[in-house]
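I have placed the structure first, in the form of structure tokens, so that the comments after it can refer back to it.
We just call them A, B and C in the order they show up, numbering each chain from 1.
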Amino acid sequence: MDDDAPLLIAEGLSKSYGRRLGCRVVSFSIHEGEVLAVVGESGSGKTTLLQLLSGRLAPSAGRVRYRMRDDVTRDLASLGEAERRFLFRTDWGYVHQDPALGLRMAVSAGANVGERLMAVGWRHYGSIRRGALTWLERVEIDAGRIDDTPHTYSGGMRQRLQIARNLVTEPRLVFMDEPTGGLDVSVQARLLDLLRNLVTRFRLAAVVVTHDLAVARLLSHRIMVMKSGEVVEAGLTDQVLDDPREAYTQLLVSSILPP
Amino acid sequence: MSPNLLELAGVGKCFVMHLQGGVELPVVAGVAFSVAPGECAVLAGPSGAGKSSILKMIFGSYRCDHGSILVRDGADVVDVAAADPRRILRLRRHVIGYVSQFLRVVPRVAAIDVVAEPLIVGGIAPAVALARAGDLLARLNVAPRLWMLPPATFSGGEQQRVNVARGLLPDLPLLLLDEPTASLDGENRAVVIDQIAEKKRRGVAILAIAHDGDVRSRIADRLIDVTRFAAAA
Amino acid sequence: MTRAAYNFAYLDEQTKRMVRRAILKAIAIPGYQVPFASREMPMPYGWGTGGVQVTASILGPDDVLKVIDQGSDDTTNAVSIRKFFAKTAGVRTTTHTADASVIQTRHRIPEQPLTEAQILVYQVPVPEPLRFLEPREAETRKLHALADYGLMHVKLYEDIARHGHIATSYAYPVKVDGRYVTDPSPTPKFDNPKMDDCPALQLFGAGREKRIYAIPPHTNVVSLDFEDHPFERYRHDAECVLCAAADTYLDEVITDDRGGRMFVCSDSDHCAARRAAGHHGASLSDAPTAIGGEGGRGR
């Protein structure tokens, strides 16, 4: 189980915008069931990295390889648009910081969750609805809200709905961009718990971009600290946070105000 | 590696405080000892001598600058000091258990889930894990009405018992215990000491820190004097 | 307007060639929306400029043209367009479906089955079936290109969730030749089955949106649905009061201000033909003359 081949491999990823550096020579790999946190402050390049990893941005150098469900590892750049979209609809998830970006706001919650199923060919209304209900329950949204649109949902509910929408096709890899950003603290706590449980239960691999070290500690096994586009330090999450070696990491860790 | 489960050689650590102008805080140097299955070795020395740091280096929470920390994992021998993160995570799931000095409280997670989690992560069925967690909590005199509550509101002693239960529940061959009986009253201390004895009988190798002389005398097969490894200031 | 001032069927020959090229492309890729350079026409957008351009490009001097609007030959729109072509092309016009070689229609398909010698030209307001759910043109083009039609079923799912059944009653989306999802124009879903395996060529013109699409003869056309909510033809609970037809699409006519109403065939030519053949409805005697009228208006 642990000797499986890596799921996602980044090799020498770099992205520059003219003379401005997005990120530089980032290499790592992720296996099934592993959560990697990418932490840094604004401008660290962490979001750029997430875009590169998920194929939304083309790298200036380096490549990203992914092991498909048929066990063949492919270079993302070699995938056609149709294949990439299919990947996104089935084996990958992407959770946006602002749930409105990851949802269809004008369509009911059930349709939001069921859309991926319909996109991969489910044609039985009853089954689609049951699938949607199952996932609403898993993300702790009251089943009675299935026909409401996300307009009527609170921020935390919308985020949970976005998670359900992403996980309904049981993806193996989920990208999360500040999944708890902008939410009230109590709502954040609940969401983090949910994410922890889902990650464990469904053996999700995830790349979680966050500026919040507490989120990283709670969710991730490994962590990468970025600053100005470079990876400053990387390793086991508790090791990096308990025993930071680099000056910048020490600065980050010591800057957290105790409650 | 001989029958030892754990072997340290030449282990040294020094904190470099970059935020304080790069001042160096040496912790330990030249640490060398081993622990065999079925024995309990207790690290002895005054506060600040680096006892907790040694445990953390073995568990992988701290890095070490020099030396090797060999742990036997079935037929393999892994050097924690040099292993990659995935290997260390695997060791934690299957080999090394750790009871920290304080319970790290995750908000909202029920006490029984806190205790059962390492078993579930290790592959035991949730229902079985929860049942075993309940048994151990009961033995540690944590009332069932507390099981579904998050430990954040528990007293220090209750939190410590949850922490100990979590560390003792899985059947791991190497246990690291950092003050397992701190903040426990006499009765509960006795329960924990019994648990440790039980583990020893089952062949678990135990490395512990215990300040209380009485506890130490009851669990330790030998003492390791950490002041021997004091780092040159 | 003198005939000498305008080219045959109003459009110049180069424009007609351009439109015909678009039509050929459309026929080659059934259901695919082909962009074309829609011209300014002497009627505003929303009045059938797309359909008129298609008709103008395919008319020849020997063609016989029928124009209907909501199934009827004598509504304003139908009359205007028929006169337009009578004047600019000098072609024969008719109200009899069987006699026509080109039929331009807004919002209905004639009841009378069409033949291989006929062409049906639909007027289309919004050709993109996904537009209401996905407003971005760039995105809908991609969805079509990748046959990514989950969104279409989202709409149908929403209907069932809200109304207990698929409530879309017109412009009901279809899949053409197993590939492209297409908007059949705002015809009632009652008419959808007529599109399947139709012997006539079906052409669709959207002037404002500048798109042409086509369904070649005998093409497979399937209305989208769910396995447990299959497409059902709409059945009226009534018969036509004039000709007693029970299987045509009926218009509801309010007769008084006390809730009185009656149902009449939408397809006026079909109804007249049935009456001429001896079928009579229940209340022919009660029907106002304007509706009952004499058989066979216009030529």
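Following the convention adopted for this analysis, a residue touches a chain if its C-beta (ideal position, glycine included) is under 8 Å from a C-beta of that chain, and two chains touch if they have at least 3 such contacts.
Remember, it's a predicted structure, so these values are computed and weren't measured experimentally.
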Exercise for the section: Name the shape of the chain contact graph, picking from line, ring, star, complete and other. Expected result: line
Handout entry: Geometric centre: closest chain by C-alpha means
Key = A
Exercise for the section: Would you mind pulling out the distance in Å between where the CA atoms of chain A average out and where those of chain B do? Expected result: 32
Handout entry: Cα-centroid distance, chain A relative to chain C, in whole angstrom
Key = 48
Fill in the blank from the handout: Rounded to the nearest Å, the gap between Cα centres of chain B and chain C is 78
Problem - Per-residue overlap in chain C, given as positions that touch at least 2 other chains - result: none
Fill in the blank from the handout: As the complex stands, chain C meets chain A at residues 133, 142, 146, 148-151, 153-154, 157-158, 160-162, 226-229
Fill in the blank from the handout: Within the complex, chain C is touched by chain A residues 81-82, 85, 89, 104, 106-108, 110-111, 114-120, 123-126, 128-129, 146-147
Problem - Residues on chain A engaged by chain B in the complex (per definition of touch) - result: 2, 31, 34, 189-190, 193, 200, 218, 221-222, 235-236, 238-239, 242-243, 245-247, 250-251, 254
Handout entry: In the complex, chain B residues that touch chain A
Key = 15-19, 56, 60-63, 85-86, 88-90, 106-109, 120-121
